[in-house]
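There are two complexes below, and they share chain A, which is joined by chain B in the first and by chain C in the second.
Take a look at the complex of A and B:
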């Protein structure tokens, strides 16, 4: 029966089932990724945010939870303008982090 | 002899390979330029000025200029006069190209003719010139500061072999000619040496080891030449016509890039120029070492060096042979492969459209969005001057593409360029105003916006003031102007901002300015330099700016402004803010 709405799929993340080996490799190259305090300054300043919901904060959180597809989709409109690295209170080199993610992870 | 044949064949093969590696249209352009009389004259002039007289080095430091031009020009004249002598005295031998070198050894001459004496004098004169250059070169190894260089390159092993053989060629030549001066003739230098030598070594067979040592040194020098920095001598002669033909780097390792890499004389002028040099750990990341690693194909180091650079372009600006350190690095970055490739085709330009038929379109850009003070000041100035304008990215827009370009991802950058071009074309504007030099540079270089004037706000304010549309109250404050890398070295705009500032107050200059201004350290060019490592560079740049103790540091770039603001002990403002406060 169609009620015009349906129950949204579960968004629960079971960390026991997530393969984080790629994230660990990334964190080896980019140790700064563990410095993020998820303040969201990068999301607020990002010009690509309005096009794909791009946000470095979300990308980092997504990778930590194994949501690689969502992250890849977000990154597909990143313009590498570097505003996130300018505003980051923790001094994370977000541009290089984004380039590393682009190198390590695949799009599909 | 072996050395000479080896080097000639090596150069010929190298020449053919570089020309073959050029893309087809570039090759056509190159050959056409060779037969074009205008570029031909320019080529010849440039080769003489740069390769023989080292005009650029003279301008930098007289002693350094003398050292290089005395060796290069002196040696060149020795070869030329040597050939003239041979042609005059033994024309039948002129075909053998080793003959002029050992002319004094083969020919017994007398000083009977005036002409001979004249040539002998010239030969000795130029030999003395070369020797003085060699002496200065030796002295430079010990005390480079006198030559205006704080640091010099650390030579590799083969460079040292080449260096020592080059140093020994001319003293040995003097000695050899000194031994034979009474047989073959000589002038003030060789003749007098001959008297000294004759006083205790009268046997003429003594000249043999001297001539042998001379030819060995010459042979060694030519054999190691292709593997040392002295390869710049033949390559530069190729690089100059290529550059004059308007050829640009298309491939990171082949063609023009290769010619540039081999033209690097490893002089190390870029080491002192590099803004990263304030930290000792970065000295090996300068352009000299990049060129050396590219020649050695050390991929790990090439990646490290090219990713770290701030791309401020200062090494390119001061390089005496014109190696483009920044462009070479961007080309190396473009070799990298990524598995996630951004694609902007889904972004609809209709959403971002703005109509400004016949008006000034003001594109603030991402950086200005982070420093709203600049945008407000600029808007207020436009209103005061009564300019009809429209904002292009009021609620954010697409990045200009320059940061992506700097990361070497050309396809992505091009997509952004296309999107922005579409928006600007559809808006119907006649002028595009920019407050960010990073945007300005790519708009000037890569956008095809014919019929629309692209203008930076420093130029625009200058124009408004000169047209009398803005009235400025001159104050007493002392201003220093910082040349942003992309605006100054990138686009050649130095004078307009200074003229504007001079109308608002007293303008003082920084210790290093214009072409040699020091990058603020905030540049988006560097991919790997972290926040903590940039602090020392910013402080160094600030120390340079405040040498004349100005009240306010003025810049024309939102990125420089926010970087300086972090550590400066006095206010840092954009040019638009200053003028907005001073205008009536």
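Take a look at the complex of A and C:
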């Protein structure tokens, strides 16, 4: 039945339904992904951030919360300049990490 | 004859331990490499949480240790292990034979110029927490304008929680120090807009949380959750500070007249050198390794060698004093047991 309107889907993250198997496989090749302390240095130094919202911090969090589609879309705006790896206090090779995320997402 | 106890370091840990050991009837000998007692606390102005003058704490300790042997401007040249004691040669030519050594060697402050992106030593308006305390003490610093800064910021975790700077540990006291200094600046310059850039605020100690609430509610200090990624200068000579406001997920940019870097606590390189003379082990965080990190913090794995204060990791002033008293008691028990 068409009422002429519909309820938008819930934006809540239901952790019961989040499938982290892909994330776990990614973490095996990129163990540094678990080292992120969400300080935001990467996003603040990212030249693409203010135009497209690209943010490694958000990408890592998104994967942990099962928002893989949003992450893949966001990463498509990354220019791979590597500025984020220079500022990361945890020494995460973010550029390499972004490439790995892209590779993993394509495989599926 | 009274037993000699060699205390390396004349900061608050060394002084407090010496004062207790005097009361217990020993002969403490303090070796201090600088020209004054009190260590880092002597460079500070006021201490959280009750804004106690640092000078008060130091002068009380100095008065209590007036009967101890104190050598200023002196270092340990070398150490010979005898059968069950140590023969220690000091740089002033004096040698001391003792069965008991207390490391109260403290910490070093992280060299903020190593984080080039924050511009310490490059831009005129960037200073450290220690520089600000120095200004509180002397009122002399060209970086702070007489009418006060219109806007200023504090950067937390400079050289702390930073694997690239090889300091993965939290320095423990900078969160509350930044909040304290922000309040002090606001008291001096009520018109100033003050920002704190933090990753996490670790308000673990007595009344720290009250400080934090008061900074927000009574002083209007603005807290932004995000690590500063870079600092630059505009054509007017003001600082442009960039960070991500991780709570809103948006990049932030702000123009400031003054930026204070909260340089963290790192292990003292001279401590490692002295510890190397008697092959004392170093823990995975770069500080001296205790026999046990829960039950025996003040004891080293080597017999007759004890620790007090920040040589085993970042500590607050009351923690350091408590540890110094505890080390004095451990030393007393150790010497009584041997007799």
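Here is the rule we use: the second predicted complex is superposed on the first by the 96 of 108 C-alpha atoms of A that agree within 3 Å, B and C clash if a C-alpha of one lies under 4 Å from a C-alpha of the other, contacts with A are read in each partner's own complex, and residues count from 1 in each chain.
Rule of thumb we're sticking to: a residue touches a chain if its C-beta (ideal position, glycine included) is under 8 Å from a C-beta of that chain, and two chains touch if they have at least 3 such contacts.
Remember, it's a predicted structure, so these values are computed and weren't measured experimentally.
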Touched chain A residues, chain B compared with chain C: B
First (chain B), second (chain C), both or neither touched by A:87: both
Partner chain(s) touched by A:50 [first = chain B, second = chain C, both, neither]: both
Partner chain(s) touched by A:38 [first = chain B, second = chain C, both, neither]: second
First (chain B), second (chain C), both or neither touched by A:75: first
Which superposed partner A:64 touches (first chain B, second chain C, both, neither): neither
Shared chain A surface residues [contacts with chain B and with chain C]: 45, 50, 87-88, 91
Sites on chain A touched by chain B in the complex: 32, 45, 47-48, 50-52, 72, 75-83, 85-88, 91-93, 95-96, 99, 101-107
Chain A - residues contacting chain C, complex: 37-46, 49-50, 53, 55, 57-58, 87-91
Sites on chain B touched by chain A in the complex: 307, 336-344, 346-347, 366-367, 369-370, 395-399, 401, 403-404, 407, 409, 412, 416, 522, 524, 527-532, 559, 562
In the complex with chain A, residue positions of chain C that touch it: 117, 157, 161-165, 199-200, 225-230, 242-246, 249, 251-252
